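Pasting the structures in now, so scroll down.
Heads up, the next two complexes both have chain A, just with different partners, chain B and then chain C.
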Partner chain A sequence: MKDEHITYKGIVLKAKIRRIIGAIIVYSIVCIPLIPIVLMYGWLIIQAFSGKPVSWLIPNDIPGGLSKNWRFLYGPITKGGTVLYRDFWRLVFNTLLLSLGTTGLVVAITSLAGYAISRFEFRGRDPLLKSVVVLHSIPGVLFLIALMYLLNYLGLYGKGFWTLVTVILIKGGLESPMYTWMLKGFFDAVPWELEWAALVDGCSRFKAWRKVVLPLIFPGIAAVSIFAFLSGWGEYLLVYTYITEAENYTLSVALSDLTYEFLYIDYGMLAAFSLFYMLPAVIFFITTQKYLMRMRVIAYKG
Partner chain B sequence: MVSVRLENLTKCFGRVIAVNNLNLEIKDGEFVALLGPSGCGKTTTLLMIAGIYKPTKGYIYFDDVIVNDLPPKDRNIGMVFQSYALYPHMRVFDNIAFPLKLQKLPKEEIKKRVLETAKLLRIEDLLNRKPAQLSGGQQQRVALARALAKQPNLFLMDEPLSNLDAKLRVIMRAELKRLQKSLGITTIYVTHDQVEAMTMADRIAVLNKGELQQYSTAEELYSKPSNLFVAGFIGSPPMNFIECTLVERDNKYYLDASDFSIELPEDLGKIVTEKASGSELILGVRPEDFRVSLRPVEGAIKSSVYVLEPLGKDVIVNVKLGDTLVKVITPQDLRVSLGDTIWLVYDINKIHIFDKKTEKALI
Partner chain C sequence: MKEVSGTSESIEEFIKHITSILHKLTERFGERVKRAGRTIFIILFLLPFLVSLVLAYGLPSALSVLMSFTDMDLRFEFNWNNPWYKNYYTIFRAADPRIPTISYVTALYVGATILINAGFSLVLGILTTYCIRNEFVSTTLRLLWFLPRITPVVIYALLWQWFADPRVGPLSMLSRWLGLGEVSWILDKPYSQILMIVVNGFVGASWGMVIYASAIRTIPLEILYAAKVDGASDFKVITNIILPLLKWPILFVTAWQTLSLLGSYVQILTIWNGFAYTSGVEVWSLYSYHSAFSVYRFGYSAALAMVIVMVSLALLSIYFKIFGFRRMLEPSRIEV
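Let's turn to the complex of A and B:
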């Protein structure tokens, strides 16, 4: 009896040691790839507030950088003496318009299309679903020239603000299929009985969708909104290709302009600009990560 | 309230016939159960009455008006689902108020009705909770309240008790019946549990494979099953079926099984001969219609105890007749053990005879 007891003590101790060693190994492996990422972001933040170029994460002239690096917030954006953009906030407005417009369009399309694909049986449903996946594997760049022809034909190329609106339509069109797929999964998880209950309780089909089904897939809508917003915020190619006037550019295009001709690069301003550009992504992820992580629709007790 | 009539109602899903040519009449204020095994078409029938499924063929009448094309929202029905289908994102109050809000009732009226119904079902103190914070029994009450608050003409229930534990189910069974009787709402109740159907409903429609087998009261389903399916489905333990053949000798009629033979009275014998499609028959005797005797009895079936299943009050004696295991319910005080020779006494007025081919009851 006593011997057995001692043996178990040994086994438990051994298991504990093994667990600790295992944890050390796992954490070390996870930490190694994190190092360059942490270094890059660290440099970005420190450089954004330093007056002189920074190396090895040591701040250099911290208060001095504030007015110098962030001058783009209240004056024209210049590089090597030439004015690149006259008004920074116009760029912010354009970018917000593009990303919020894309979000609105994508959510409107996918929440209806996802429901239809999830709930209705119709001819061509399966091929449609499959082709979405196949089409998604084709990079959007391939459509660039074809779309250019189309815009030109429709008289929308180089039309300033309206071209930006057109870019929203293109972006919404490119993003919608995959998010429809994603939302379909959320709609699938809503039990039919809930919708039937709504119909019996006095809803029309559309009202049942709006009042009962839609609130239940809110996490899905939130996830789609975030992805669509960030994809609009980060869009570069479409804006750079189709828009011809500097005042209709977005932040991503402006940011890339700051990195050209590297003799004249103002690293302080570049870092500050990048930090600003990063903000919405960071805010979005901090406030909504619980929706992104929660892929189960509802706590349904049956 | 409303009376409901189904006329040649048929529903196909692709090639599968879920409900086949169903005719049924439910009187105003009546409590009718649709009873059958899973996949028999009872829920499909209910969903057609609710207006969620469209009939492939046939008509649904509410008070002599065809409602086939009436959307569910205009039928003024209250429905309780097996999963309760409470709206998870709404508080209990809003769940119950939801149908009333859709009717655009004034706020005061909504509040009054919700509180009244909540009081009736004793869920007043749960009104601020979300459905996920409720137990199964509470969710069930909320679902009932939501269906009742809108003061429906017709109450549809799809296995509402099957997710409750056994004890609660027995309590809710009585409460539901009482509620239905006091409100007088026409009710159609779908269940696969024969005890639920028998205890609660005024009339029971037994369905199998999409077809109506028998539509009658609990007593009649029990004492006069119209076919083999109903006989085997109603009653627990189920009716014993023994294959036999009809033999006529010297103007006397016998049911001849491999191990024994039963003499039929002349009038019974004549009826059976007339109705049967052949000589192959099935004899049906309920376990409670046999009596066990330890001494030989004239005309009784001699057998031996195969296994005993005590139930507390009663004991089920299993005997083997030929290849068939026959169950007999006897009082607990019977002193028998495995292998004992016993005699099974039957009442000739309580036996059932079915045609083996058509499966229809002959007497």
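Let's turn to the complex of A and C:
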């Protein structure tokens, strides 16, 4: 009798130990590779408020960091007396222009095309869908090279603000096929009957699209907007390649330029600049992450 | 009377006949108007999309095919090469001394990173969905894994440059502590290549993880319960139930990740830029970028890019054969 009792207890204990070991294995597989990530992002925050280089997440000279690192917000960015960037807020303005312009363009294009592709059978619909997939698999550098020729041909290379506007148009065009796909899925999920009801009640097709369907796919449009905004906010290659004047740079190109100038020298300013630059992305992401994680994006361009 | 009534009847019939014809005609006309309206509607709705598709994708693609047969430089003239395939000859006969190194680096980069992006992400997907049941913990972990993807690429590059900084970077401190001596993880060869793979792996892992996680969530719980009741351990459930069901998502992620890795170079460009070749991390598409925008050989770089396009298209056609078109776009349908 007593023996059985002990073996029963032993089995429970064994199961418990096994479960704990399993949990340790699981958590170490998921968490150990995350150590560099935690170190890097933690460093970004702590270094932004430290005056001296930080190695292991221990703040180093906070008063100095507060007085030195964030100077770029209200004064020119200089190195050894030469002014690199006169006005930080101009960079912010350019970046906002690029990301909001991209968002507007993408939303306009995809909400129209997504609806047409979702609702109508027409000749060339299937080839169109397939071509989008094929185009998406073509490496981006190809477009970069050919667009350089086009910009030069049209006289838009090195034309300051107008080049930035062109970059916005290119960015919007490059982004929209993928998001059209995504939004088509949302249109597919809206039942036909709603539109029929609207059409029977005397709505025009356009009005049915505008007043009945669009409000229903608002979550989809919101998701596309956020993706497009973040993609524009982080865009690097197009601006780096096509824009020649520092005053029309965006935050990304300015930061890469500053990294080149100040790496190993002034980590504090670089971290502060990065933290400011990263804030919108993180805020957007945390507030909408539940939603975005569920989204199936076809593929990404690395 | 009879006659009159007869004529009136025939007149009535005649009028009826004519009205019916008229009616049919207007109906047809109306239908035609309707159909035309529909066509115009479709065209108007698709127009912005088609214009952007042609201007951003179609025209540049066609142009770069043409450019790849020229020796275009900063003067941007279409000078056709003498044997028209000269650029391709240079590439395929390896008359360019850098081609063998770059092919090797590209193969290493794609082959090793895919192990993280499709393989390790599978582990992550299963562990964060099936093994870690606490919703809050698994969401937080997934969020952390997502950070590199949502970070603007320039910041991500800065973070790694600090991480590998020879003076204050934890990576260098760690390698000194491990007895590797004074190595530069950015510039010294085997280390820089490892770093290149890891840097891109962190970006790519989260994508596969999300695809796998959403696929696992569509597995009917009854199956898992049945296995558990029959006494299967978690490990058995994973290897015997979840993995076989994930066959299509695994293929899907591998397929798309190979394609996007072949064309990706931004992370390498932002971290290494001028030192990429000497550090052994210059992949094919980065070489194409450098040929165009560092030494301004636009014709040659277009040919280099066309080689990736050819490889990508070949891969894509194989994938289409394996998957069919539908499956290529819908990763997470589990077929039980």
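Some points to look at:
In the analysis below, the second predicted complex is superposed on the first by the 256 of 302 C-alpha atoms of A that agree within 3 Å, B and C clash if a C-alpha of one lies under 4 Å from a C-alpha of the other, contacts with A are read in each partner's own complex, and residues count from 1 in each chain.
Definition applied: a contact is a pair of C-beta atoms (placed from the backbone, for glycine too) under 8 Å apart; a residue touches a chain by one contact, two chains touch by 3 or more.
It should be emphasised that the depicted structure is a prediction, and the values quoted were computed from it without experimental measurement.
In the superposition on chain A, A:167 contacts neither chain B nor chain C. By the document's definition of touching, of the two partners only chain B reaches A:202; chain C does not.
Contacts of A:224 after superposition: neither chain B nor chain C is touched. Of the two partners chain B and chain C, more residues of chain A are touched by C. By the touch criterion defined above, A:191 reaches chain B but does not reach chain C.
Of the two partner chains placed around the shared chain by superposition, neither chain B nor chain C is touched by A:46. Applying the stated contact rule after C-alpha superposition, one finds that A:56 touches chain C and leaves chain B untouched. Touch criterion met: A:216 reaches chain B, while chain C stays clear of it. On chain A, the surface patch touched by chain B in one complex and by chain C in the other comprises residues 298-302. Within the complex formed with chain B, the chain A residues making contact are 191, 193-194, 196-204, 207, 211-212, 215-216, 218, 298-302.
Residues 47, 50-52, 71-73, 75, 77-79, 81-85, 87-89, 98-99, 102-103, 131-132, 134, 136, 139, 146, 150, 156, 163 of chain B are the ones that touch chain A when the two sit in their complex. Residues of chain C that touch chain A in their complex: 37-38, 41-42, 44-46, 48-49, 52-53, 55-57, 59-61, 63-64, 67, 72, 76, 120, 123-124, 127-128, 131-132, 139, 141-155, 157-163, 165, 167-171, 173, 200, 202-204, 207, 210-211, 213-214, 234, 256, 259-267, 269-270, 285, 288-289, 292-293, 298, 301-302, 305-306, 308-309, 312-313, 315-316, 325, 328-332. Considering their complex, residues 22, 26-27, 29-31, 33-34, 36-41, 43-44, 47, 53-56, 105, 108-110, 112-113, 115-117, 120, 122, 130-135, 137-150, 152-153, 170, 172-174, 176-177, 180-181, 205-206, 230, 233-234, 236-237, 241, 251-253, 255-256, 259, 263-264, 267, 270, 274, 277-278, 281-282, 285-286, 289-290, 293-294, 296-302 of chain A touch chain C.
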